[in-house]
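Shared between the two complexes below is chain A, which has chain B as its partner in the first and chain C in the second.
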Partner chain A sequence: MNKKALSVAASGAALALALSACGGGGSESAPSESAPASAAAGATGFNAGLENVTNPSDKKGGTLKMAVTEDWDSVDPGDTYYGMSWNLLRIYARPLVTYNPAPGKKGLELVPDLAESLGVASDGNKTWTYKLRPGLKYEDGTPIKAQDVKYAVLRQMDKTTFVNGPTYLGDWLDMPKDFVSVYKTPDVNTDQAIETPDDQTVVFHLKRAYAGFDNFAALPGTVPIPQAKDTGIKYRDHVLASGPYKFETVEQGKQYTLVRNDQWDPATDPIRKALPDRYEISLGVEANDLDNRIISGDLHIDVAGSGVQPAAIGSIQADPELKARADNPIMARTWYVSILNDNPPLDNVECRKAILYGADRVSLQNAYGGQLAGDVATSLLPPGIGGWQKLDLYPTGAPDEAKAKEALTACGQPNGFETTMTYRSDRPKEQAAAESLQQSLGKIGIKLTLKGFPTSEYFTAYAGKPAYTKANGIGLATNGWGADWNDGFGFLSQIIDSRVIREAGNYNLSVKDPAVDGLVDQAFAELDTAKRNAIWGEADKKVMEGAYVLPAVYAKGLLLRGKGVTNQFITGAFDMYDYLALGVE
Partner chain B sequence: MVSYILRRLIGALLMLAVVSMATFSIFFVVPRLAGVSSEDMANRYVGRAATAETVTQVAKKLGLTDPVVVQYGRWVKGIFVGSEYDYGTGVEQCPAPCFGYSFVTKKPVWPDLVDRFPVTLSLAVGAAVIWVLAGVSVGVLSALRRGSFFDRAAMIVALTGVSLPIFFTGIVALVVFSYGLGITAPGGAYVPFTENPVEWAYSLLLPWITLAFLNAAAYARLTRAGMLETMGEDYIRTARAKGLKESTVIVKHGLRAALTPIVTIFGLDFSILIGGALLTENVFSLQGLGKYATAAIAAQDLPKIMGFVMLAAFFIVLANLVVDLLYAVVDPRVRLT
Partner chain C sequence: MTAPLDVSGQEQQATPEAVLTGAGGAKAIQGRSLGQIAWMRLKRDKIALGGAGVIIFLIVVAIFAPLIVGWFGHPPNEFHEELIDTMTMTPKGGSGISAEFLFGVEPLNGRDLFSRVVYGARISLLIAFFATLISVTIGTVMGVIAGYFGGWADAIISRLMDIFLAFPILIFSLALVGVLGQFETQLAIKGDTLRILLLIFVIGFFSWGYIARIIRGQTLSLREREFVDAARSLGARAPYILFKEILPNLIAPILIYATLLIPTNVLFEAALSFLGVGIQPPTATWGGMLSAAVKYYTVPHFMFFPGMAIFITVLAFNLFGDGLRDALDPKSSR
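Then we have the complex of A and B:
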């Protein structure tokens, strides 16, 4: 998911790894539909929010003040691809399924939202049925129907109108070939993809089996929109609320305010506490000013959830009181280097392994901000996502030059070789990473020529365009990825499945392995979560065995809890504060 | 006089036309000359999951596939006769002056500019009043007490003010006065004048002072230099010899002559500011034209950038005209023909 723009600061913020020594351990408990766990109620101090509900309270009332440095793509649930937006929109919009508002890993659990239960699979996981809860209403008092969910899902497939959102639902549903969009081909029968046998039931038909479809049902694309109220791209000016809050004002780029939706019935919603009376969300607030206002108590929450600025990191490190209000979660983001295997000699796995043995991992970690930027990564999959395992296939500290030379000899290049490495020129850390590799690989005879390109065209015209990389002998490319949702599919599917590679705009630059594709298919079909996670872990290991990527660091962020905010905790679903449970004293 | 104003107005319109063409060329022609295709440009405005087909469709929808001349013509036409946009569920008219639709927010640009203008105007007017009063007063006093402690101290402060960038003084001022002492409003606390004039002034006090500190310093130095030169002129000696009061000599004869360069530079400074105080608005999170422009540039939202540039250029052209007219008022030797 597009956490990138707002997580540039995170890389600076991540810097607080030094503070992370007291990260809490995970706790296991049964899935629950209930609101935040209170087992560790009242936890305080640094990292208290990682696994506990801080300042727990059921007190209603007050105004929760949020802010963000820049507006995000859209408040329209069918047109948004930011993690903060997916987290926040649940206060005014309800998808079929959502994430359990609970700290840490418990926040990763999917729980029914509009639906009475999680999806019921049939036809070998190709058909998924959801029944809506009775008594659901929009803010205008009209009932929420299954047909509205169907319309919303079809509507967000129009990517020329709603350019921002993900394409999972459109890609996986068995859409008729002549369907273009709800606007251009409104009369095409789409029942082969989505059926609504009655007002309460919606049935999804997939092209191929996918056991984790509930993750799709948790996408904002399943938030219902009645066709009669759809105003196309202008719908963002007035999203019809299905959650406990509705928009009072929508001033794109300036401010959003939300007030209670009196048509929302708590009896239909076991997961939302709806504590504040009002939300005020300021947009375009200067980043340092935003941190200062949270420190002073003038603001409660930084919506971006990617961490404070370097200036505030200093303050937090120096001030024990502030440090006690900070949390330092590992984020579902890995910074890495793709090792492209289209051109020789990198089409030989041993030559690729030579890069992994020859890279100075400490130097690479320093390039991304030193020890403060994140943990040295040993795989693509970051910790916190099911299936992650600590791999020890390659050195994690100083380079192993002997093994690197061995690998070079094995691939017929005992004296090394030359190749070109790309990086995003407007990202100093990626440039530093490229220079770090140029230096460390140079010692084993691998000579890198560095080429920087602007972020805006990096994937569409250069590193992500196979025709360009092949023609220009690109061997290495800096890369980075954040999860669309925190499971193997949400993190890995777009970056290790070779079948998603297209003409341009690719993020999978180098993983083209039938064995990995096979594991992806296996994971798609596995209904058991634990087994599915294990398959994703296996796929992750396979990628490393094939030396298709050089992982650099698992990113971390430093977040600050707001003064007077209740029920604040980091959710494993978004690696930021959960926005469903918050209240004010 | 009337023919002079008419000629200047025609010149101003021509100037704006040239600015529009230059700006349009920078964003739409130069990339093409550099080999950037319509699809490459459209790539900035699609989600990351977009297919090649989607990119092509979006490029077409945004009009990027048309020849550049056609695109420019459409943009100019929009200003004079309005434009229209397909929202998905229908087509909406954007009445003149329509400066196009944002490629990112899909909203017409002009209403946004109008909406943001009061914030920038409030900031500019308040700061200008402070910096002109403070700058000119300090400059006059320094000139009259040349070499005194006041003169030296004022010039040191002025030098400091000129040297310190607003993104430093602004942040420090916020930390000290708003979050430390709590005597001024925090960032982003703008209240419209029409809603509550007292709150309006309170919310803008710190940005005004911070911005004025920067400019007042320059004006103090300029006024001091002008006054020193003027007060040494023969006609000042004559005025004193005639027995005029010293205050009359200073204000009516000295300051008035020294004001000409001040008026010139004030016109430019104020017009630049009114076209968007980029740094100040960003530091204080004020949702004015400057903040709007910064966000547009960051998102490479070309229609927004075009709209902003044209509005800023308009203010500069207008200010130059007003300044030229004021010359005749300030300096009796000037005749407008």
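Then we have the complex of A and C:
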């Protein structure tokens, strides 16, 4: 879940904050709730959900009420790039493997889902084989076949029809040159990329070795879709369920309701408890209203899972009972400012360093919402992702004005210079960050002109379009990124590799360094996890040495557990409440 | 005494203004211009005078904003993060109101709300006045031409008015300000100046339809009046009739509607800033502050002060405008 995706969700405002919406959860020991007959004494209190299952229970039945401030991109597994959606879709859809529904770090483990076991590698990690469990069925009773998995994977490569999903599978599988899409070239033989020797077996062939292929197999793109039922972009109106719930109503932009899928056989599914009888998901609920309804118990979960609004942060701080229902996890997401090196004087590394020395990091942290919203970041890679190391290249508190002046002198601009900073105008936190930098950099003579652009066009037409940034002298641009999955590849590959830079729509705005590219290649090729992580850590450090980015905060969200919700905990896979295990009292 | 022309005698009996001046001493009865009569009526309308007082006060505040802020506040963009609780990011003690910070401080960065409201008056009034000037100028010219010349000129201009009246102005302005703002690098003017000019143009240019309609109607009836006929029969040309005969009689409606248009434009500017296409941060505007305050409804002072500033400004102009209408045109229906 790319940050982009996540953030677009809450329409800037909400998400912008890194802390916005949020999910609800167990009422733990709250004396108010219904008879805790079955509830074993789970963990309670502030941050209880980070490492423990709160309010554990096996009680079935009830309706789980979820809401979100805006609809997300799509419920079609082949067309979605939101973390919340990847988390939630597992209640109605089953990928080949998925993340273990367990608290904290244990949630990062991959476990087989449709497949009997994790992928079996051969040919030096270039070939990966998955065998489906026997007895799998869709909601209409037809059996789930390996061919459906293959079709689904090929289908989601059509980025003109399904614009939202990630492109990893299409990029890494050994696709034949003449394959365009399942709709345009249905007859092209794609067996060189994906084979289905029988109805139960899928074999993936990669262009080059990748030891972490199970991360790809956990993408929603591997959720099976039978070709006969595929209706292209309209498939989102009726996604054929393979999981324990199926859609009852789909009202785009208003609500989704899901009911039990009686064709789902618990014997084929060791990871899902499927406790509630029904899910009701309201879309387009006003953000503050949503928080208040979770506080009151009228709603259980904020699907967005990125944190409550500033107003609710105040209420939670003020009320110990509410605070005991809150969790403050670190997310695999970094808010940062790209320092663009196309235009002078920022083409000089010393001038870029002056910005890193001159920025007031505490003020920047405040801009993103203070200590509950994030920890001061020292690099791009967030802690919690393998390879992270705490760097101390630059100040993390008050600015070091002496060093900033030194750097300015070294770059030949002793009196400072002027440049333009862009930010996403519908994200108050980024606006606040830009204002904060304007203040602190102003003190060392770097004069910023601020320019806000709407999120929807920020990367396609402005900050992410080199032609624009060069012509308009853009020097700084707020940016943010969340891991597609929690490792160095899933976090860094799209934002530090200069070779991913295109004409427009870039997220890597500023890191153009052959040394960094070299490390990325090394990491791709390295099969040993520990060594690979170390290489990603090294690449992260190189980026900081080149002063290509000013990291602001490692995002944290303040999430609220819903009243009367059972089995609520933060999963390390998505850094929000896990949506597979939930139940209601 | 049935002579219908003996107006002065009638007036002495009937109109209180005359009585008032008469009571002032043994002065001879004088003829008074329309303007003098209106001024007398206005002077007795305490509510309108109150509105005028507030307007003058606001203008003074806007002009002398740097001085006022120098005495009572802090620079409007200066951060005071030491006043912010870093857990909730709201001001310590709720609002941060103190002798130092008269209106409290903003959440998040602790900027002085008083200074920002005072500086916000500059932007609001500047844009509202000049936008009104533009729309009144265009509206009057178009209205007079349409009303006086009639025929195809009237047909074209009236349809044009219809188009502008039917325009979804707010949505269109959103798009226009957004698009034009992107050409900044190609223009000689930049930053706030460009934005202010842009807003003045957009707001002014799209609201001339209303005033043009009113002026057209008035012109239509004026051009049929005897004094116009008389002038025409004496050989006066169109420009003379327009400027000497018709325009002076339009001063009252123009003034009234200009005064009533200003508050609309204050609100319009606030709405555009609220929606994020107004002046760029960190420059303070009332609408922009309201927009930021929405997220912090638990610290109501943040919304209260800019909100009150807009409210008081709009109310003052409306009261004054109403009073002005009553004074200049007492027969107009309310």
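In this section, the second predicted complex is superposed on the first by the 523 of 585 C-alpha atoms of A that agree within 3 Å, B and C clash if a C-alpha of one lies under 4 Å from a C-alpha of the other, contacts with A are read in each partner's own complex, and residues count from 1 in each chain.
Rule of thumb we're sticking to: a contact is a pair of C-beta atoms (placed from the backbone, for glycine too) under 8 Å apart; a residue touches a chain by one contact, two chains touch by 3 or more.
In this text, all values refer to a predicted model and were calculated from it rather than measured experimentally.
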### Message
I'd like to know which partner A:523 touches here: chain B for first, chain C for second, both or neither.
### Response
neither
### Task
Kindly classify A:369 by the partners it touches after superposition: chain B alone (first), chain C alone (second), both, or neither?
second
### Query
A:471 contacts which: chain B (first), chain C (second), both, neither?
second
### Query
What is the contact status of A:288 with respect to chain B (first) and chain C (second): first, second, both, or neither?
both
### Query
Just chain B (first), just chain C (second), both, or neither: which does A:217 touch?
neither
#### Entry: Which of chain B and chain C A:432 touches, first, second, both or neither
second
### Query
Which partner does A:231 contact after superposing on A: first (chain B), second (chain C), both, neither?
first
### Task
Could you pull out which residues of chain A sit against chain B in one structure and against chain C in the other?
288
#### Entry: Contacting residues of chain B [partner chain A, same complex]
40, 43-52, 54-55, 57-58, 61, 87-90, 92, 105-107, 112, 171, 174-175, 179, 186-188, 282-285, 287, 291-292, 295, 298, 300
### Message
Using the touch definition from the top, list the residues of chain A that touch chain C in their complex.
### Response
13, 288, 309-311, 313-315, 317-318, 362-363, 366-367, 369-373, 425-426, 428, 431-432, 434-436, 438-439, 449-452, 454, 471-473
### Summary
As the complex stands, chain C meets chain A at residues 77-79, 81, 84, 86-90, 107-109, 178, 184-185, 190-191, 276, 280-282, 292, 295-299
### Task
Please give the residue numbers of chain A that touch chain B in the complex, ascending.
2, 67, 70-71, 73, 81, 158-167, 183, 230-234, 252-254, 282, 284-286, 288-290, 292-293, 295-296, 298, 456-457, 459-461, 502-505, 507
